[in-house]
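Following are the structures in question.
There are two complexes below, and they share chain A, which is joined by chain B in the first and by chain C in the second.
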Partner chain A sequence: MTTRVLDVSRLPSFAFGHRSILWWATMGMILIEGTAFGLLAVSYIYLKWRVPEWPPGFAPPDLVWGTVTTIIILASALPNELARRAAERLDVPRARLWIWVSVIFAIAFCVTRALEFTTLNVWWDSNAYGSIVWFLLGTHTAHVVTDILDTGVLSTMLLIAPIDANRMVDVAENASYYYFVIASWLPIYVLLYLAPRLV
Partner chain B sequence: MSSSTSPHASFDPWLLAILFLGIIGAPLLWLIAEQTGYTLAYQACDARSTSWVIVPTVGVLAIVGLVTFVVFRGHRTASTGRLPLPLLGWLGVGMAVLMIVVMAASAIAPMMLSPCD
Partner chain C sequence: MSLTPVVQLEVTEDHIASESRALSHSWAQPRGVMGFLSEVDHKRIGLRFIITALVFFALGGVLAALMRIQLAVPENQFLGPDLYNQVFTMHGTTMMFLFAVPVFEGLAIYFIPLMVGARTIALPRLAAFGYWMFLAGGVFLYVSFFLNIGPDNGWFSYVPLAGPEFAPGKRSDTWAQLITFTEVASLVGAIVTIVTIFKYRRPGMTLDRMPMFAWAELVTSFMIIFAMPAVMLASTSLILDRLVGTHFFNQAQGGDPILYQHLFWFFGHPEVYLIFLPAQGLMSTLIQTFSSRPIVGYVALVTALVATAFMGFGLWVHHMFAAGLPEIGTSFFTAASMMIAIPSGVQIFCWIATIWSGKVRLEVPMLFALGYFVIFILGGMTGIMVASVPLDLQVHDTYFVVAHLHYVLIGGAVFPLFGALHYWFPKFTGRMPSHRLGLISFWLLFIGFNLTFFPMHQLGLNGMPRRVYTYLPGLGWETLNLAAAAGAALMALGALSIVINAIVSLRRGEMASRNPWNAATLEWSTSSPPPPHNFYPERVIGSRDPLWDDPPDQPIIEGIRSDRREVLVTRLLDAEPDHRYHSPEPNVWPFITAVFTTIMLIGSMYTPWAVVWGSIPPFITLIAWFWPRRTDINDESYPVEKARPQLNEATGPA
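Moving on, here comes the complex of A and B:
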């Protein structure tokens, strides 16, 4: 009996996009967390259908800080994309630069998000509306905070640790996940800030 | 009209802090353990020792165990309070226990696999 052996030594040790296992892990996370956001949005809409007046007994959240937050998070897509592209070119200095700019944007976002919580016009335990508003905003904030921690560690590693191509894959996938954080915010903004005024 | 800055019937802030320690703190500790593992992975490979990954995980696991104990005591107090304290108590304990399971499961892989090969 003969044994056939494949020589795979010439295959690359890293890959970007769907050829990387990290990409599939990120997509799995996005699927799970996207489902959770979807369930929260459905809960909000269900509660809205149950009462004649919406928001029930409270003014809608003030527009200012929510809108500022939305502008900041949309603007943060630019450094995020530049970091992703630099990583895919294996351009370490630019990947390092743009990922740090992304961290600064995310911190600014957290500051305005904190101000957002002060202008929701309802407490988390006032009624079911208050609970779902705080929970939706809190869940999204948790994503931003964890993303800052993730990106902060990665950014620091780019400064102090050995850098190989796999680290650039991490940068690219970190950017992919951040797009989910941005994309998940837009429907929440419409639901919390615009829908109570328009519908 | 009520607003989020107007006077508000408050709960015991210490009890709330303890309950949210389970709901938010335990998952945050898991995140810290994961990030520590990521940071130390190269060192573990250089030293050819998975202890660099396992020891921090076990350390954080012990902290989560302590958090679970504290939250469980808070849960016993919260169970007699008004809503939503009992719900928060159950959520806190449930989340802390879940994080113990998740972190124990996370520690199994580096004990069984040799990711540096």
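Moving on, here comes the complex of A and C:
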């Protein structure tokens, strides 16, 4: 007896972008952490409202290293995008190349971030302003460090582990997460560096 | 030419039998101790969540009983003030973080894949990691309690009481770190639920055909994502204030204790809905099945869920009416709080219409659903009362609020939950629960609950404050407290009868068929209990209530490989087939990662350096977790050149 059959055997065995499982998992992480950054920013503004002058009793963070960091992080979007595009073309050599370039950018960025911590002009235990500045910068740095480690592992995999198409999906999604790390930094930069000077 | 043609094919019995055998082999649950720790089967992970959460529910219940014994008579010396503080804090923390949220997460992990017709859950290793973190957090809390470092500042752990100045020692740190454990578990649970619902629905199950429980869990998961970061922030800043000298909540250094309250309740109020909304999904499920007709007002019910979720984020300040906030702000939150009655009312009227127009079967799960109507609606009534500022100021911190919140949470969540556990018992175990014992449990719980909590309304109006370990005779509180203690005893018997029912039925219950209650959702289309791969053969979905309304000749889905754990990924809105995906194999590293993360989190209570050095072992275990093994490799795209012919179909919009 014959029966009606929906034959799905010719569908691809992987997919990129919003069609993949990993994309949705990454978006979930981004929503969670984006919410955390948003609430931190709101806490910063809340604490600002409570005192007549801002920053209370300290000079705002020096502009130099924060700005250099911002430039590097913006520039790192380029190798990140090139890695993503190479991955979506299943071009392993180029994906490998650009993901390593991204790692180098991120390391440079970590160095200037470390210098940034030395020119905040306030300690976390100085007052509530110092606490929230360190917390904001610290939380973002934790994301950067996590992303470097994670990208580093993926880059190493591309050198020594067996590579199937799903690794290329990993590279592409690793790039979308890195965009979040960049995007979340810009409002924090405005809040920490520009707002105390402008408002 | 379509990649997914519908064709006329000969599907023989032999083919079905051999495919079933292959699937059972590919999806086989691993054995032994390593197998236990490597488990990625969503049914087992879900069941572990449920059972663990029920154990914590029992522990939280024992703590509640201790409080009722202490308060049964005035000037009782059964529990001292310090222990009493710990007991009520542990009770609230346990019930909120270790029972109510995880138990619904467990139900979601078990039933969402079954209800949407999938072979497994998305990201199963992440779900396993979530379970181990939840278990570790719960064990950590109770071990701390027995080591006399259990929290004692209430389940909300307000500053300055919980801050460095007034809470020396480790008790508040224990609370703050417990939050981290349970948040990690809830957040990963939310992600796996959302991804499963969005991408693993069986072809034909468009969004508007999704079961109500799946809708409820979807909305809840989004709420978790937006609410949980707030409490994580609150507890992290609290522990930073305590351990490294930050000043977030220190008034003298520009901090503000009210900021803590805002952060906590921005999570804390949605938290109530994280518990309540899944239960609304259960109510719709139970009422549909036992009224033997499709639910009335499907679209209205879904809209009500979404509306409740949105409004749930605009209510938090009603927990802070007594904190002295500007009046204009509090009026807004009063209005918002009263508005929540609208979607709740819509749901209740839809259910009443379903019952009214259906053929009601008074099975035990339906009784629990009816119990909801009485208890939750009373809780909702007092909710409208305390939403108004003057009344709230009068009853704030009294037993009136205790009565209100237990009517809402036990009526709104625990009764539907017990109904659902009775309802799904045959699916979990393959055996029917005892109807007679179920009746006994229901009546003991229903009478016991009202006897315990109804008098508390009066106690509150008579001025009895919450969180006092004893009271003087002659205040007129004795009789009502004694009644509450008697009610608690009945509830304990009710809970015991449920345990007895589970044990007896597991051994001697009647064997359950696939669909013993004649329900309409897909979990009832497979054997009880389901095989490791959940379904075979799978038919395309043709209606909202497939087991009632689908024509018998719906197409069978063929072409998902049976020689490995393969699933069909579909599109978000219309559930059209999109691609095939190799679901992760069992793996022990999520467990090991959870162990090392636990060590790091507990260590960080003692030295901040534990965060630095303690992060290294979980990092290494994460590498091991993600490192591709032979069995993880997608053989259709390895080496990569082999994948090139699929590339056109794998990129761009489907």
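Just so it is clear, the second predicted complex is superposed on the first by the 192 of 199 C-alpha atoms of A that agree within 3 Å, B and C clash if a C-alpha of one lies under 4 Å from a C-alpha of the other, contacts with A are read in each partner's own complex, and residues count from 1 in each chain.
Here is the rule we use: a contact is a pair of C-beta atoms (placed from the backbone, for glycine too) under 8 Å apart; a residue touches a chain by one contact, two chains touch by 3 or more.
No experiment lies behind these values; they were computed from the predicted model shown.
The superposed arrangement places chain B and chain C in clashing positions on chain A. Of the two partner chains placed by superposition, only chain B is touched by A:V122; chain C is not.
Judged by the touch definition given at the top, the superposed model places A:A15 against chain C, while chain B stays out of reach. In the superposition on chain A, A:L149 contacts both chain B and chain C. In the superposed model, C is the one of chain B and chain C that contacts more residues of chain A.
In the superposition on chain A, A:E88 makes contact with chain C only, not with chain B.
Applying the stated contact rule after C-alpha superposition, one finds that A:D7 touches chain C and leaves chain B untouched. Once chain A of one complex is fitted onto chain A of the other, the partner contacts of A:M157 extend to both chain B and chain C. In the superposition on chain A, A:F58 makes contact with chain B only, not with chain C. Among the listed stretches 60-68, 186-194, 240-248 or 330-338 of chain C, only 240-248 clashes with chain B once the two complexes are superposed.
The contact surfaces that chain B and chain C form on chain A in the two complexes overlap at residues 125-126, 131, 149, 153, 157, 161-162. Partner chain C is touched in their complex by these residues of chain A: 1-21, 24-25, 28-29, 31-33, 35-36, 39-40, 43, 46-47, 50-51, 56, 88-90, 92, 124-132, 134-135, 149, 153, 157, 161-168.
The residues of chain A lying in touch with chain B in their complex are 57-59, 117-123, 125-126, 131, 142, 146, 149-150, 153, 157, 161-162. In the complex of the two chains, the chain C residues touching chain A come out as 3-11, 122-123, 126, 187, 190-191, 194-195, 198-199, 203, 225-226, 228-230, 232-233, 237, 240-241, 244-248, 250, 253-256, 259, 262-263, 266, 540, 553-560, 568-569, 571-572, 577-582, 619, 623, 626-628, 633-640, 643-644, 646-647, 649-654. Those residues of chain B that touch chain A in the complex are listed here as 1-5, 8, 24, 31-32, 35, 38-39, 42, 84.
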